[in-house]
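A short write-up of the structure that comes next.
Labels A, B and C are assigned to the chains in the order they are written; within every chain, residues are numbered from 1.
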Amino acid sequence: MSATSLTGPRSAASGGSAPAGGAARRAAPAWRSTGALGLGVATLWLSVIVLLPLSAVVVHSLDGGLGAFWDAVTSRQALSALRFTVLVSLATALINVIGGTLIAWVLVRDRFPGKRFVNALIDLPFALPTIVAGLVLLTLYGQRSPVGIDIAFTQAAVLVALLFVTLPFVIRSVQPVLIELDTEMEEAALSLGARNATIFRRIVLPNLVPAILSGAALAFARAVGEFGSIVLISGNIPFKTQVSSVYVFNLIESDAPTSAAAVSTVLLLVSLAVLLAIRGLGRWGARHDR
Amino acid sequence: MTVDRRWQLSLRVVALAYLGALLFVPVGLIFYRTFEHGLAAVWESITTPAAIHAFQLTLEVTLIAVPLNTLFGIVMAIALARGRWRGKGLINAFIDLPFAVSPIVIGLSLVLVYGVHGWFGGALANAGIQVIFSVPGIVLATIFVSLPFVVREVTPVLKEIGDDQEQAAATLGAGAWTTFRRITLPAIRWGVAYGVVLSVARCIGEFGAVSVVSGKISGETDTLTLLVDKRFSNFDLAGAYAASALLALIALVTLLAMTTMNRRREEGDT
Amino acid sequence: MISRVRKTVPALLVLGALAALAGCGGSSDSSSGTGAASSGGSGPTLSLVAYSTPEVVYDQIIPDFQKTAAGRGVNFKTSYGASGDQSRAVDAGLRADVVTFSTEPDMTRLVRDGQVAADWNQGPNRGLVTTSVVAFVVRKGNPKHIKTWNDLLRPGIKVLTPNPFSSGAAKWNLLAAYGQASHAGRDPAAGLAYVRQLISHVPVQDKSGRDALSDFTGGNGDVLLSYEYEATTAQKKGQSVDYVLPDDTIKINIDIATTKTAPPAARAFLDYVLSQPAQQRFADWGYRPVNAAVLAANASKFPTPPGLFTIEQLGGWRAVDDQLFDVTRGAITKIEQNAGVSTAK
């Protein structure tokens, strides 16, 4: 089944990867056509669009001095929100690891009518505006739930909203790997009498781990910053269901923009650290592949 | 591994149940609630002047943001996949940041730079250009959130197909631009297409950051998502659902385009 | 091949329909879908930046104004949003000629940054466009018989009130609660004790008054603290709610002013908004008019609560913001922060 990967690929059997023994070959023609100038312009674009505004936040957070920065970031509510945010995002990533891998497995290895349709819908949370997602989840699993499940304003609600918006990440990361997985080893193990569970654990899973981790890390990063879908259903109860992004919103509304910038800077650093970790995992996975 | 029938069925049931509870039912509910009162009411709701303008604005912003990010995406993907330079890890992390940054922070950051009291505020005011609380601000916010998609889709494709063909063309005497145009570009076209489709979906659906920078001027800077929010707060639930359904429909159309393109890609056009 | 055509044709049809939809909009620059036509005039363009709830009223007042001699040919651009957000936006450069907010600090912010004249509240209307009072919004028929502030503290009663830190306008609710228990500010300890108890009955604090109202009409909670006009507006929009005016409650001031850079038409509009026809529009939607004649004409709809107090009696906005709502030191801030711990769930 078709899928694309949102993270780096695994250098699989199909197609060659970067040339080995580079000294003997000229620089890749595509690189030469766009070259350093292209890279320069692209980096400039990236800087102006993304880095410049974000650095303004960091600079603004220091407007009151380091002391004020520290106070804002270590206030009881800030820490509690950060703790809840990290915990619920970790839970989101974990559930996605299990659920996402399972769904990816079913989409690749199973056959049933409507599979194509199901596969197409996986990307819908990506495309649906978060406010609509929040509204719908509230209607479905809130006070007037037609199915009798009421989790509005609980921590469970935040988790459900996050699971919705991060649904595609692990699935779309694992699918390409599963598709390209060489089944020879599995068949060999089967013919040698190994049980399915063992085959999965010792042959299939190790190959999936880097992709699973990449997808989970992206899901975590996304969950940490999520606002629109949470803000309706969570009820924003301090110390219970308040995530950092909503706390930042509150700080802005309470005319404490410097504190808001400070907490945002911390969130940015957390996200950046996680994203750099993905790169590390990707490189580890590529090496592990050999 | 061949999974026995029982396991296969149970896995399938669990997967579909999870997807059902989390995805199918909520989305189905949007459409059900929308069309509950009949097609005519929905049509009226999405053809009010405000709704039409919101739709036009959303489209306009998307049509600016997506081509720019596509150009960036292709150039950056080539640099990442084919070039050799230090700092790729950091650049990769920066490209992924828009996935992770909270939309409120995005809005705040743009105001801090382009707002009247911001870094460029004075200069812009003197030049008579208004960025924040006007369409350019919305465009900037939308470009920010949709930045990574094309890069992320094209880079793996470039890495996967390798540059053998390109090298071959080069040894046969083709110039760099010709090689790019006739070999590289066709090879990545489905990656680009998929990236474009995802970018479009993201642009249309952005709410948080746009909400901060738009100024919410009715009929001028209200996008479709802002319209949903406004209708929801004004007790126009039916109108809010109708606009949401429109957004969901656009998302589904882009998804359909995605599936079509994916199928073409696996039918072996790379 | 056939399957590909079958897939792309519907997609093209939908895209075509959407494009046609886009095309038939034309160059419309009219405002909200509820019909406030505001374009086509040859006169000046006024920018009205308002907090969110009176949108329905201005949608009627603006066309009325455009039919008068002073308003003929005047174009309007309107922007509605949360009071604090709108005020901050104007501060950050959002063009505005007439501004109206639901808390005074949102106006004084603009005075501080020089956009609104310092004497904005010295006129005969004292800077006000309408007033209201904090009321209890209950289910139709008031099944739980909620009448007094003490009723809110009955066991099992769930009270909804928005978060005062994400919505400046939400402060009015807690000020009413505080004020009535503290005898208009004379006994702060009693006031704070009541607020503490009240918060323990609040299951969720939405980020705005409108969100709280939507929450309530969506089935959550037994009683909602809100403004009298919110309840009336909700009723007019078909929501099945009633409201109760407690004996002791606070007078809510809604401010309005023109900015320093506004054209003369702004002053004309402001005068119109304070005149009888516009004030009657407000009264129809449940806002208490400041125009004395209109107030008298609608007196039956707007009884004066016997224990009505004002924010001045509580010390004024600056004192209140400082002592009660300051982000680090405020007394109510502390109560809010502690609520997360003391409410057992």
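Simple rule for what comes next: a residue touches a chain if its C-beta (ideal position, glycine included) is under 8 Å from a C-beta of that chain, and two chains touch if they have at least 3 such contacts.
Keep in mind that this is a model prediction, so the values were computed, not measured.
The central chain of the assembly on a C-alpha centroid basis is B. The pair of chains sharing the greatest count of C-beta contacts is A-B. Taking each chain's centre as the mean of its C-alpha atoms, chain A lies 16 Å from chain B. Inter-chain spacing, taken between the CA centroids of chain B and chain C, is 34 Å. Counting partners per residue, chain B has 232, 256, 259, 263 as the residues that reach two or more other chains.
Those residues of chain C in touch with two or more other chains are numbered 211. Shared contact sites, meaning residues of chain A that touch two or more other chains, fall at 249, 252.
Chain contact summary for the complex, chain B toward chain C: residues 45-53, 55-56, 59, 111, 115-117, 121, 125, 130, 132-133, 215-220, 230, 232-235, 239, 249-250, 253, 256-257, 259-260, 263-264. The part of chain C that touches chain A in the complex is made up of residues 82, 84-85, 88, 163, 165-168, 203-207, 211, 218-220, 325, 327-328, 336-337, 339-341, 345. Residues 75-77, 80, 138, 142-144, 152-153, 231-232, 235-240, 246, 249-256, 259 of chain A touch chain C in their complex.
Within the complex formed with chain B, the chain C residues making contact are 4, 7-8, 10-11, 14-15, 18, 21-22, 24-25, 28-33, 38, 47, 52, 55-56, 77-81, 89, 91-95, 208, 210-211, 214, 217, 234, 237-239.
Those residues of chain A lying in contact with chain B across their complex are 2-9, 11-12, 14-19, 22, 25-35, 38-39, 41-43, 45-46, 49-54, 56-57, 60, 99, 102-103, 105-107, 109-110, 112, 116, 118-133, 135-137, 139-140, 147, 160, 163-164, 167, 183, 186-187, 189-190, 196, 199-200, 203-204, 218, 221-222, 224-228, 244-245, 248-249, 252, 257, 260-261, 264, 267-268, 271-272, 274-276, 278-280.
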